[in-house]
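Going by the order they are written in, the chains are A, B, C and D; count residues from 1 in each one.
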Amino acid sequence: MTETKRVIDVGYLARVEGEGSIRVEVENGTVGKVEFGIFEPPRLFEAFLRGRKFVDAPDITARICGICPVAYQMSSTHALEDALGVSVDGQLRELRRLLYCGEWIESHVLHVFMLHAPDFLGFQDAIQMAADHGEVVKTALKMKAIGNDILEVVGGRAVHPVNIKVGGFYRAPTKEELHPLREKLEWALAAMMDSTKLIATFPFPDLERKYDFVALHHPDEYALNEGEILSSRNGAISVAEYEQNYTEQHVERSNALQSVNKDGEPYLVGPIARFNLNYDQLSPAAKSMAEEVGLKPPVINPFKSILVRAIEIIFAFEESIRIIDQYEEPSESYVPLEPRKSSGSACTEAPRGLLYHRYDIDDDGLITEAKIVPPTAQNQLTIEDDLREFATNHLHLSDDDLTWQCEQAVRNYDPCISCATHTLKVKIDRK
Amino acid sequence: MTIATKQNLESIVGAPRPAKILSVDRNTDDVWTLRLEGQGAFGPGQFNMLYVLGVGEVPISISGSPGKTDELLHTVRGVGGVTNAITSLKAGQSVGVRGPFGTSWPMAAAKGRDVVIVTGGIGLAPLRPAIYHIIENRADYGKVSLLYGARTPKEMLYADEFDSWRETGDIEVLTTVDAAIGAWDGDVGVVTTLIPRASADISDAVAMICGPEVMTRFTVAGLAERNQSKDNIYVSLERNMKCGTAHCGHCQLGPKFVCKDGPVFKFTDVAHWFEKREV
Amino acid sequence: MSEAAAKPTLAVWKFSSCDGCQLSILDLEEELLDIVGAVEIAYFPEMTRAVVKGPYDVSLVEGSVTTPEEAERIAEIRENSKILITLGACAVAGGIQALRNFDGADAHAWVPTVYAHPEYISTLSTSTAISDHIDIQGSVQGCPPNKYHLLELIGSLVWGRTPNLPTHSQCLDCKVKGNVCVLVAHGTPCLGPVTRAGCGSVCPSYHRGCYGCHGPAETPNMDALTTRWRSLGVAEDDIVRGRRMFYAWDPGFVGPGEEHHKQPAAETTRGQGSI
Amino acid sequence: MSTVMDVQAVYTLIDSLKSDGYEVVGPRLRDKALGYVAGTNGSDLPAGLGDDQSPGNYRTRDRGDGALFGFRSSPQSWRRWIFPPNAEVWSARRDNDSFVVDTSAPDSMKVAVIGARACDVAALTIQDKVFLDGQFQDPAYKARRENLLIVAVNCSLDADSNTCFCASMGTGPRVQAGHDIALTEIIEGDKHYFVADAQTDEGSRILEGISGAPAGTDEVAAADSAISNVADSMGRKVDADGLPELMNESYESPRWTVVGERCLSCTSCTMVCPTCFCTNIEDSGDLNGVATRTRSWDSCFTLRHSHIHGGAIRNTNKARYRQWAIHKMGTWQEQFGTSGCVGCGRCITWCPSGIDITEEVTAIREEA
């Protein structure tokens, strides 16, 4: 075969959030340039946050991403509370975990069943899949709705919740409002156990990689909102040290800002990193299901992220039930805050991984500087490396199959390109 | 003439009754007449609420003869969501009907007197039952003049009936258009310019007016110039209507509910409100 | 709804935005299968990799125009669509990113504050509504839009009627819901009186003032509300910031004495029925 | 004949209404206001709480006297239980070339309102005129109305009225007609009791089951004087003399321009008003071929209220405020033989702009 040049080009990557593309160039049988391109236009959030009141940050940053607004609201509130030296405890802290579980459920179920499962089963989309697997899709939609129910009760609505306030909540939900969720969650937990068994039977393409896993780690719980930043290679650091250890590069070679660890290497954030680093803290049913389907840390095949997400969905259902069961209405819905010149940062675990926010504010509570590093930006180099290695090992596939599987490999990360505020259209020279 | 009897009240307040469309005729580019199964007695000037499944319901005057109760005519101009849906219905389909609602033209009070009818555009539809009534009871009325204005000759409603109204009906039909497009050698100008030419004795005639509010205002003034007493003027008015039963509140004009106190009013009963803006 | 007719084709397009409007379609969990039964999803990359070639009966457009490429792309989509409806605050009014449009803000000056190599960035100095660039047939308001309004829109297309979308003020729905007015009873500044209803009066239900995420109501009286906010003790800067959120660039949210400095949003985005 | 009851007996009254199958709607502290909520127990009553109201402002306060009904107009009236803000009227399905309608029978839940004020009961009798006494009867309203029981409370505790002005509208502070039971709450030193009167057979039947002594002349006199004291000291008032005529002639008043600049057209006044009856009717259809008609509260402050093809008739805030005020205080009289305003003061308190209809009427009278 006298193959010269083959180009896998996915101009508009489907079933991801935001606008992205893939380009893999193969020349004389070897993989050359690999680009996970992002052409989401810049929206300049960090610029227009300047001069806004700190209390507006959760509402404004939520608009970075309609898929995981709670992640932005959580990271921004925690960062500002860090700046003002306040910590939000007790039931308010539990409510925040509950809210986050709602987002994990909604986002993970959407990704696992609607966006990713069709790849494994060979369908263009979940609607096609529904023709053969009607019950699976219907069950998934019902589970997703429960995530949204949590967001609506605790946050006011599913997309861009309104109830999140720096210092707590505008209004704490009543027990009567939370209680009806419980029965649905019980159903969903059982349903997700069954669905996980099904997902475990999916054909997972071969790929094994050595990653630096990075996730929050908390001594007492599966970390969502708080903890140290733990790296499988470099150990733990505090959130305050994030910017010294992880840096963003704006390089022309790539299409976007990309994060690297202190060794200048790519790293991986998200479900697999969390699972590998915090496995012991998973809830009982989540852990036993992981065992049942033979999933144990370290997971190094990125295609298994779908199964890890399934386990995290089980965790989120269980955790939600736990929180609702112990819930008592707090006497105050927030901790009052007085602005002063200060600076603070926070990381939380967005469904797609670590989300870093840092703010400087002045004595009037006006934001003077903001920095946001979303998970998709951090995973970008890793995604390209996955693609390179995967393509190298699978050159025997037809163009169509290779294209589809490259897409699938990118979807392993559930890349949320809208999130990647740092990623943008770059002028690239092509030969 | 109030037609709503106790037996049919329930159905008027409640859900529309499906009525089969017997035929659909196109009158002009955007006006169509639907012939429906009969609904029973009604008074000239009354209206029905017409409903298209899943689309909406609007007030539409009855445009057929009150003497013919086996069929129900509605002439509709497609101007928006619901009326466009109505005009695209076909024979054999059904349209929902509630009614008839509202007051009628003063056919009894006009007995033995001259009648002058002034109208424009689609406003002729609610007056056609009055014209039919006059023709069918011609001996009851004196001289009858119909003064009708349309924007263009093409938009003139029921033009094919004018000759028979003139000949068999002994009705004076005077027409005018705003713009003489096409083969038109008739009058050009607003409808009020026809008033001086009417052969009915305006000073003592009963006047029936239906058209846009500005037209009605000018007509009332034009008739007054011919020494007509405002007591003899009747107007049909238009307001937003949602229920037809004076419950939704939308059709108020001062103290009047246009759906039940109107649409046909003795002009002096509404003059106070009618003469002001944004009421 | 004529069963015999072919299903209308629906395309969903994204411009500068957060994806939340599209997600609101996927959030119609109970109705999603009915929707795909009633319309043919011809282009909706967030949901499917399958693509049906245009022209499309209906295009739903999310996001604002912030790059030269986007300005070109929207014109092509217009060519390819019989009915084009804009979804959400970004598409309707430029979104939060329209804060760059105001005097003193300069997107080109902002870029270096965010990016190390501004020379790689291509962006416009304004974020503008879709209707500033092309004609549209209607819009669904909100940041995010109410998912049931999207359902109503799709339903109205299928039945051939004008969608029932509110244009009145938030207060009507807030009172219907039985909320206690936070402005009157708590002294909390609320944009509800000038904001379009449709979200379900979410904020007052959670004891906070409406922040205007459904855009201006049909006849917003910003001057009168500003007077009231002053009497509640809200500082002038905060009053300005209060209206400069997701509909900052909508003429309906321009404050007393202010005027639009750059290209205004087109009138077509507001009004009765709006389809 | 009047009976005297203590606080405990009021609680018992509520329990007995419940065991008679009534859904009890009563006042309760919720969202920092004293409003009517369904599912009331005796312990939910806002003992010792009162309120302060002024144009555009409402705050609760501690009275320190344990009064159960020591508050004035609630944020909204309880009309929603008789006239719901959103209701499906019917649904329909295609049937070949026609359609079939499914009209669900009007629901007829038994509702008892406890703590209803004279103004709101007067407002109910006005709504009866709108929905029952005209040419057409509203069957849904009728069904709910027939199943309504009212335990009214005369206003006897607060002398200054804040925003209400029932005395000048002739509707209160003593409840006049339309109720089943009337209570008057009296607090004198450490004495705290209620004088109860039944107005209907159902009211008598219910009172008979509650322990209470026949009221003595002192107690009846205390109740009467407390009520008339409230009436006499009600600060706010509207000069009702020749009011409809004044309003009918007021179209050109320059005052409408002044108030039109303050009005937000937010609809709040119409939503909280206990006599407003406008509704919007919406037809829609879902993706399964089911068409529905819903009826929901509407307001003359919306554009669609006066929309006819080509645009709204009342486009300006000025015209809409004028329509509302002239209707309430003027044209209503010709329509229904009564004023459209009962003087509850809600539109004053709950107007975000703090527009005060009594002040507007006074200004119009002065300018006339």
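FYI, a residue touches a chain if its C-beta (ideal position, glycine included) is under 8 Å from a C-beta of that chain, and two chains touch if they have at least 3 such contacts.
Everything numeric here is computed off the predicted structure, so don't read it as measured data.
Engineer: Could you name all chains that are in contact with subunit B and with subunit C at the same time?
Structural biologist: Expected: D.
Engineer: Point out which chain occupies the most central position, where each centre is the mean of Cα atoms.
Structural biologist: C
Engineer: Return the chain whose centre of C-alpha atoms lies at maximal distance from the corresponding centre of subunit D.
Structural biologist: A
Engineer: From the C-alpha centre of subunit A to that of subunit B, how far is it in Å?
Structural biologist: Spacing between the chain centres: roughly 65 Å.
Engineer: What's the distance between the Cα centroids of subunit B and subunit D, rounded to whole Å?
Structural biologist: 40
Engineer: Subunit A to subunit D: how many Å between their CA centres?
Structural biologist: 51
Engineer: When the C-alpha atoms of subunit A and subunit C are each averaged to a single point, how far apart are the two points in Å?
Structural biologist: Inter-chain centre distance comes to 26 Å.
Engineer: Any chance you could list the residues of subunit C touching two or more other chains?
Structural biologist: Within subunit C, the residues that touch at least two other chains are 1, 159, 161, 207.
Engineer: Identify all positions of subunit B at which a residue touches two or more other chains, and write them in rising order.
Structural biologist: Within subunit B, the residues that touch at least two other chains are 54-56, 80.
Engineer: Using the touch rule from the top of the page, what residues of subunit D touch 2 or more other chains?
Structural biologist: Answer for subunit D, listing residues that touch two or more other chains: 94, 283-285, 291, 304, 307, 315.
Engineer: How would one label the connectivity among the chains shown: line, ring, star, complete, or other?
Structural biologist: Topology of touching chains reads as other, fitting no named class.
Engineer: Please give all chain pairs that are in touch with each other.
Structural biologist: Taking the chains two at a time, the touching pairs are A-C, B-C, B-D, C-D.
Engineer: Which subunit B residues qualify as touching subunit D in the complex?
Structural biologist: 2, 4, 9-10, 12-16, 18, 20, 51, 53-57, 79-80, 83, 92-94, 96, 238-240, 242-243, 245-250, 252, 254-255, 257, 260, 272, 276-279
Engineer: Which residues of subunit C touch subunit A once you look at their complex with the stated criterion?
Structural biologist: Per the stated touch rule, the residues are 14-24, 26-27, 29-30, 32-33, 36, 41, 45-50, 66-67, 69-70, 95-97, 99-100, 105, 107, 110-111, 113-117, 120-123, 127, 143-144, 147, 199-200, 202-203, 205-208, 211, 213, 238, 241, 245-246.
Engineer: Can you list the residues on subunit D that touch subunit C in the complex?
Structural biologist: Residues 30-33, 35, 56-59, 75-76, 80, 85-86, 94, 261-268, 271-272, 282-289, 291, 296-297, 299, 301-304, 307, 312, 315, 317, 349-350, 352-354.
Engineer: Hey, which residues of subunit D end up touching subunit B in the complex?
Structural biologist: Its residues touching subunit B are 89-90, 92, 94, 97-101, 103, 130-131, 134-139, 248, 251, 277-281, 283-285, 291, 293, 295, 298, 300, 304-309, 313-316, 318-319, 322-323, 326-327, 330-335.
Engineer: Could you pull out which subunit C residues touch subunit D in their complex?
Structural biologist: 1, 31, 34-35, 37-38, 151-152, 154-156, 158-159, 161, 164, 167-172, 175-176, 178-181, 183-187, 190, 192-194, 207, 217-219, 221, 223-225, 227-228, 272
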